[in-house]
Each structure stands twice: as C-alpha cells, then as structure tokens.
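In the two assemblies presented below, chain A is common to both, partnered first by chain B and then by chain C.
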Partner chain A sequence: MKVYHQTGFRDNWNRESYLNGIGDGLIFSPINIDADKLLGFDSILKVNSFLDPQLYLLNEAKGTLHTYPYFPGNLKPDFSTPDLDNSNLQIAQLCVDYQVANNFKYLVIPTRYNEDNPTSYFIQSTEFFVLPFCEYVRGNNINKKILLSVIVKPIMLSDEEKRNEALNWITSHQQVDGVYLIFENNFNSKQIKDFDYLLNTLRFISVLKENQMEVHIGYTNTEAILYSIAMPDSISIGSYENLRSFGIKRFQDIENSPMRAPNARLYSSKLFQWIDYQYITAMKSLLPSYEDFFDDSEFKPLMFKPEFKWHFAKPEPYKHYFYVFDNQIKSIPIEQICRIEKLKEDLRSAITLFKKIENVVFLDDNSNGSHLPTWLNVINAYQRELDN
Partner chain B sequence: MVVIKRGAIKSFTSLERIKREVELLSELRSEYYPQQHHFNIDVKTKEFEIVESYIEGKTLRDSMAEFKEPKDIFRLLSSLTKGLAIIWDKNIVHRDLKPENIIIRPSGLPCIIDLGIARFIDLEALTKTISPIGPCTPIYAAPEQLNNNKNLIDPRTDFFGLGIISLELFLGVHPFDPNIVGNHYSIVENIMQNIYALETGSVKQNNSVTEFASKTLKTQPYQRFRNYQMLNDFISQQE
Partner chain C sequence: MFNTELEMSKLFEKFLKVNFGNSYLKEYQGLFGVPDFVFYSKDDDEVSIISFELKLKDWKRAAKQAFRYKSFSNIAYVVLCSKSANSALNNIELFERYNIGLARFDKESEFQILYKPALSRPFSDTLNQKLVNSIGSSRKKSKNCEMFFRV
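On to the complex of A and B.
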C-alpha cells in the first residue's frame, strides 16, 4: 500500500520529506501552489504524484486556484453551473492538458462539492466532467491511468439507497482505472470513533476493490491504518488537520473568518494517537520512561529537549509524523488476513500502553486512545463479514 | 435481401443522444451485426424505420440444443462479448439481449440484431407484456430496466441479459421461471427479487455456469463485472 503526501499550506515540508524518501508521491493542491510554480518543479516530485484539481466549488477563487488554466472563472467571469453546458469540453481539455504537461502519474477527473448530493449530481458529473474528460484523453491517445475524484458524504455510507447510487455511479465509467476517494468528515473528535461509519467505509472500499479499481484515499488521518485492512492502493499523510480530514471550508474564500491555532501534538505509532504536547510534558514529570511511548526519528531528540518550544507552526512534529506513519504503513503485512491480525495485536498493545499511562497521567478524549476499542470492534465485524 | 423494421417511438427524451447513437450504429461494419442501410427517426409521426441486411441462420431460440454444454455456452459467450464490446466501447448498450435477437450463422458465428431499438421503447408498456417472445420482452431485462432507472443503464445491463441467456441455455428453461424456482411469482417479479434456479430436476449445477450467473445476475450493477474486460477474462478462463 502506498502513502501519498496530501499537500496544502507549507507543502515544502511534504516535498522535503518526500525527497528524503518518505512517502510514495504527492497530491498537489492548486489553492496552495501557483500553477506555473508547479509546472517548474523537478519531475522527480511529479512523476509518481497526481493533482487534486479542486473544482469543488466551481468558481470560488481561493488562494492560487485562479492561476490554473482550467479554472472556470478564467473562461468566463461569474461562471456558474449553466455555463458548464457550453464549457465542459474546454474545461476538460485544459484540465487534462495541464496534468499532462506536468507528467503526473495519474490524470484526475475533477468533481464538484454539493451540500445535498441530489441524483442530478451524478448525472451532471458524468455529463460535465467524466465524459468530456475521458473522451479527450482517448481522442488524443494519452496513455495515462485515469482516476475519478469522488467526495463520499457520510450519507453515502449510512443510507443503503445513497450508497448503491454512489457505488453504481463510480463503477459505471468503463474508461476510469481508479478512484481518488475523499471521505467527508463531520466529526468533532480528532479520531473517528463511529462504529457504523468506519465499518461502512471499509465495505465501501472493499466494493471498489472487488470491482478491480485502484483506490486512493485522500485526506486521511490515523484511521488510514484501519482502512488498510480493506486493501486500498494508497492512503495519505498530511501536516495540518485540514489535510487529514476533508471539510469544504478549506476551499471557501471566507475573509476575516476566525482562525484558531491548534495545540501542537505528537503522533505515536505505538499508541495510534496524536498526543497533545501538554500531556507529553505531564508524562515527562510522571513517567520515567515516557520517551519510550514515542517513536524514534531524526526529529525526536530535538523535540524532547527541555528547551524545545512546542508550536503548531514548527515542522518537526509533522515531519516526525510523516516518517513514523509512513514506516507504520510500510510495515503492515501484504496479505489481508495477516494485516488484520497484526493490526488487532498492535491495537491491543496500544490499549495496554494507555492503561499504563493513565495510571498516572490523565488524558482527554482526544489524546487517550478512546477510539481504539471501537476500531477493534470494527475490525472484528469486518473480519466476520469476510469469513462469511 | 434486406429486412425492414418499423415501430413507434414512445419517448423522445435525450433525442440528440439517440441520433448520435443511430449514426454510430449505421457506421458499424462487423460480422457480429447486420449491416444497417437506413435508420430514420420521424419526429412528426413518432416512428422509426430500419432497413438492414437479412442474416442467414437460425435464432438462438431455435438453436438452444446446440449450446447445452458449458464449454459451448462459454464459447458462444466469448463470441457475443467480442461483438458487444464494439458497441460498449462506443458507450452504447444493446438493452434487449435475448435468444430471439441472436442469429447463429451457418458458420456458427452469432449475429446480434435489433441493436438499439430498445432505446425507443417505453418500458412501462413492456413490463405489462407477459409473452416471452415479443419484442423487447422484460423477462430478459435487468432490474434497473424494469425499475425504469435509466441512469443505471450501462454495459452491465447487457451483462445481466447474458447471464439469463447462459443459464437458460444450460438449464433448458428460463432460470427465473416460477415453475423451477418453486414459487408463484412471475418471471419479472423473480428478477426483481433476484430469485433464480441454478439447477433443475434433470440438470445438476455446474460450477462455472453458477459462478458466471452469480456474478452477472446481481441486482445492483456494481456487484456485477465492472467492465467487459473483466467479463472476458472470466469467460476465457472457462473456455
């Protein structure tokens, strides 16, 4: 299973890590990087990577999105949905041409974000994006794999009719090789603890794999390792939370919206958890071997020095995460059943470790591994379905 | 010698797409299809007219006894999918595959007729038809056709038809026939409820045929083979 860097703000951290051998490619983000600058990047950064076209809101010119030739606002000011009737071919051509010019590994078909996802959403997506995109690729004999980008809303997982509709649509495109899945996340907790949501996600991925599609999952946090048991082709790693959890706000040009600085956190592969640095400070006082709960990396010695000032803008915790999580993913067994058993074993170990920590250090719900029992239950339920 | 087919058009939705489809079909030059000399849609009279070459041979309905063995069934399926791939590649779905619409030429090669006609027929009227030999009969239709869910119609709809045909060849009877599944529903109701037989009192199950039917006769298209390459791969492994 591959690991892609979901890039965004401070994408240089991802690029630096990738050039140091961490991850298998990058997913580039147009709102964060100028189109010409991306064209100028060394091919080594792009040849195993792909573009997230980010036409989610069609005409919202967030960040540098307007520098991309296929951005609809460049074709017509105040571009709106009805304009797609006449412009879909042109957008498809410009979008394909830009991706081909960058020589990315995959060509990605854009998708739009829709609050309610009516049935017409899929019909329009086919007419305006999938068909013109595929026809242009085919007509020009472009020999690259095509990924369909899909935002999977929670209702597409929980409601059978919506799920069938989404799966029938995704699998209906004969020329598409795979899917770039983006699971919309409306949860308040930092880790996903919803049994039904997680189990349905595994089922969703499994169906696509049974259809022999490549499945690349973007915007994943640590639940990516749980998703690994459904055998996707790749998951993603990202620095800030908005790159590890998809929300449309990231693509809305909201001026003067309040910004909340997140607490710095450190990921531990032994705990399957990001731990708030304040608890790390407490652990340091109360647990003599506190460092053993965290993975070794080139960044660890610096972060564990007394003078290290924890701050969300510092690169070390994120680069540490890239390194640790990439290794964690790379160490999982190839065979599905072995993968499942190994993950169960590791999750049980993590729960035991949390018990040791919580004997002396109290943790809040976003640091205490409270998602782990649910993950174990999800794995057991999924395994039972596989056995049947 | 030519065959002239005329019929009423019940629906003009997506007329532009239909016209494109008709043009594509007229350009087809393949031994798997009769050559179309003329295909016209009269918007005023709401009628279509097709003039196509006459194909010598017997319908599959009249040749069923020659395709009872699994190896013969899969050989036929292999030829049919080769022919159908030509239209599937053009985003065209036959929509009305059944033994009456397949002519077995004297050489043994199948020829697929009535291509695209189902596009013009009102399925609501069809579902009321109970004759198994009428044009575009629903007893070979996939659930999405019976539900009139046009958005779901794609090549996997044709896969469902091939699933029924193959199982009918093997069993000698329609697999959704209430007399062999042992209920009092109609064939169409059994299709909707996905109740079918894999063997009869005189024909025992065959693993390859069962596997093919199980994969093609799923209610949801996403549960079937995703594309004809996957379908072909399976068939070629059985030949």
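On to the complex of A and C.
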C-alpha cells in the first residue's frame, strides 16, 4: 500500500520529506501552489504524484486556484452551474492539458462539492466532468491512468441505497482506472469513533476493490491504518489537521473568520494517537520511561529537549509523523488476513499502553485511546463479513 | 440548585472574595484549558496556584479539565453543585488517583471539601512561569488558602 503526501499550506515540508524517501508521491493542492510554480517543479516530485484539481466550488478563487488554466472564473467571471453546459469540454481540455504538462502519474477527473447532493448529482457529474474528460484523453491518445475524484458524504455510507447508487456510478465508467476517494469528515472528535461509519467505509472500499478499481484515499488521519484492511492502493499523510480530514471550509474564501490555533500534538504509532504536547509534559513528570511511548526519529531528540518551544506551526512534529506513519504503513503485512491480525494485535497493545499512561495521567478524549475499542470492534465485524 | 453555571460562578466568586481574598484571575486564557478561577497566594517569592473548574453536571469532564490545570497549578479543584457532587463522590478514587481536589458548592454559599489533594509541583514550568509573570507585582492579599491542600 502506498502513502501519498496530501499537500497544502507548507507543502515544502512534504516535498522535503518525500525527497528524503518518505512516502510514495504527492497529491498537489492548487489553492496552495501557483500553477506556474508547480509546472517548474523537478519531475522527480511529480512523476509518481497527482493533482487534486479542487474544482469543489466553482466560484471560489481561494488562494492560488485562479492561476490554474481550468479554473472556471478564468473562462467567465461569475461562472455558475448553468455555464457548465457550454464550458464543460473546455474545462476538461484545460484540466487534462495542465496535468499532462506536469507529467503526473495519474490524470484526475475533478468533482464538485454540494452541501446536499441534488438528485441529478451523478448524472451531472458524468455529463460535466467524466465524459468530456475521458473523451478528450482518448481523442488525444494520452496514455495515463485516470482517477475519478469522489467526495463520499456521510449519508453515502450510512444509507444503503445511496451507497449503492454511488458505488454503481463510480464503477460504471469504463475508461476510469481508479478512484481518488475523499471521505467528508463532520466529526467533532479528532479520531473517528463511529462504528457504523468506519465499517461502512471498509465496505465501500472493498466493493471498489472487488470491481478491480485502484483506490486512493485522500485526507486521511490515523484511521488510514484501519482502512488498510480493506486493501486500498494508497492512503495519505498530511501536516495540518485540515489535510488529514476533509471539510469544505478549507476551500472557501472566508475572510475575518475567527481561527483558534490548535495545541501542538505528537503522533505515536504505538498508541495510534496524536497526544497533546502538554500531556507529554505531564507524562514526563509522572512516568519515568515516558519517552518510550513515542517513536524514534531524527526529530525526536530535538522535540524532547526542555528548551523546545512546541507550537502547532513548527515542522518537527509533522515531519516526525510523516516518517513514523510511513514506516507504520510500510510495515503492515501484504496479505489481508495477516494485516487484520497484526492490526488487532497492535491495537490491543496500544490499549495496554494507554492503561499504563492513564494510571497517572488523565488524558482528554482527543488524546486518549477511546477510539481503539471501537476500531477493534470494527475490525472484528469486518472480518466476520469476510469469512461469510 | 443553581440554574446556570454563570449563576454558580458569580456566587463562587463572592465566596472566594469573602473567605480567601481577592487574589484570583477569572477565566484566564492561554494556558492548558481555561479554568473558571485561578487563585494565587504569594509567600515571599513563592507563588502557589490553585485552579478551580466549576460545573453543574458532567463531573468526569470537569475532572479531565482540572487535570489539565495541574500543568500550571499546584492544586486543581473540581467544584460541583450538590447533585453532581454525589455522582463524583461515588468515583472518589479517580480524584485520589490523579490528586485532583473535589468540592461541593451550593446556593447558600456552603462550600464543603470532599477530597483534599496534596500540594504538587506544576507539570510545566513554562506555563506556570507564564501565569506567575502575569500575576506579577500584584499586591492582592490571600488568606486561608492552606485549607485547600494536604501538607
């Protein structure tokens, strides 16, 4: 299973890590990288990578999105949905041409975001994006694999009819080789603890794999390792929280909206959790071997020095995470059944470690292991379905 | 019974002033969590910090918040209305384990300590110093603060 860097703000951290051998490619973010700058990047950064076209909102020129030739606002000011009737072919051409010019590994068909998808959503998506994109690729003999971007809304997981409708649509395009899945995350907690949501996600991925599609999952956090048991082709790693959880706010040009800086956190592969650094200070006071709960990396010695000034915008905790999580993903067994058993064993071990910590440190629900029993239950339920 | 936490907070503030002095900060931000009250006591160069989290319900959430305050405080207390205090009392071992104070406070300004924690060093020197610096040269006087902790 591959690991892609979901890039965004401070994409240089991802690029530097990738050039140091961490991850298998990058998913580039137009709102954060000027189109010409991306064209100028060394091909080594792009040949195993792909673009997230980010046409989620047609009218939002967030960040550098307007520098991309396929951005609808460049074709017509105040571009709106009815304009897609006349402009879909042109957008497809410009979008394909730009991706081809960068020589990415995959060509990615854009998708739109709706608060609530209209009943015609899939028909429109086929008409406005899939068909013109695929026809242009075929007509120009472009020999690259095509990925279809799909935002999976929670209702598309929980409602069986909607789930089947989405799966039928995704698997109905002959020219499409795979899917770039984006699971919309509306949860308040930092880890996903919803049994049904997680089990349905595994089922969703499984159906796509049964249909011989490549499955690339973007915007994943720690749950990516849980998704690995459904055998996707890749998951993603990202620095800031909005790159590890998809929400449309990131693509909206909201000025003067109040922003609260999160506390810095450190990921531990032994705990499957990002721990608020203030708890690490408490652990240091109360647990003699507190450092053992955290993985070694070239960044760890610096972060554990007393004078290290923790801040959510510092690179070390994220680069540490890229290194640790990439290793964690790369160490999972190739065979599905072995992968499941190994993950169950590791989760049980994490639960035991949390008991040791919580004997003396009272962690809150975003730093403790409260997601782990749910994950174990999800794995057991999924395993039972595989056995039947 | 208090109708709101605001009502509880106003009465508790009055209670603090009358019985322990006016050396406190209210809802001080920028630490690890936002304690309802941070009470301080100066003894020469030594500053002792006692943080309070007031709640009408959800004692466990309050205890988690109070544990955070131990990052910058010598003592952290959960203060509950009588009804919630009874639920918390059934789980007193949790307060003992984490050395978090537990008290009951009601509308008649009756304050009863249910678990008195031991004085301990804050986990984070940086956060503690930040708070001490903001208290700075305050001349506000405290009294009776020894009743909040075991020596």
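The rule we apply is simple: the second predicted complex is superposed on the first by the 388 of 388 C-alpha atoms of A that agree within 3 Å, B and C clash if a C-alpha of one lies under 4 Å from a C-alpha of the other, contacts with A are read in each partner's own complex, and residues count from 1 in each chain.
To be clear about the criterion, a contact is a pair of C-beta atoms (placed from the backbone, for glycine too) under 8 Å apart; a residue touches a chain by one contact, two chains touch by 3 or more.
Source: prediction; values computed, not measured.
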| item | value |
| --- | --- |
| Fit-or-clash call for chain B and chain C when the two complexes are aligned on chain A | fit |
| Chain B versus chain C as contact partner of A:Phe122, first or second or both or neither | first |
| Superposed model, angle subtended at chain A by chain C and chain B (C-alpha, nearest 10 degrees) | 140 |
| Partner chain(s) touched by A:Asn140 [first = chain B, second = chain C, both, neither] | neither |
| Chain B versus chain C as contact partner of A:Met213, first or second or both or neither | first |
| Contacts of A:Leu167 with chain B and chain C, given as first, second, both or neither | first |
| Chain B versus chain C as contact partner of A:Lys284, first or second or both or neither | second |
| Partner chain(s) touched by A:Phe362 [first = chain B, second = chain C, both, neither] | second |
| First (chain B), second (chain C), both or neither touched by A:Gln252 | neither |
| Minimum C-alpha separation between chain B and chain C after superposing on chain A, in Å | 46 |
| Residues on chain A lying within both footprints (that of chain B and that of chain C) | none |
| Partner chain A, residues of chain C touching it in the complex | 32, 63-64, 67-68, 70-71, 94, 97-98, 100, 121, 123-124, 127 |
| Chain A residues touching chain B - in the complex, by the definition given at the top | 119, 122-123, 131, 164, 167-172, 174, 207, 211-213 |
| Chain B to chain A touching residues, read off their complex | 88, 91, 151-152, 154-156, 220-223, 226-228, 230 |
| Interfacial residue positions of chain A with respect to chain C in the complex | 263, 276, 278, 281-282, 284-286, 359-365 |
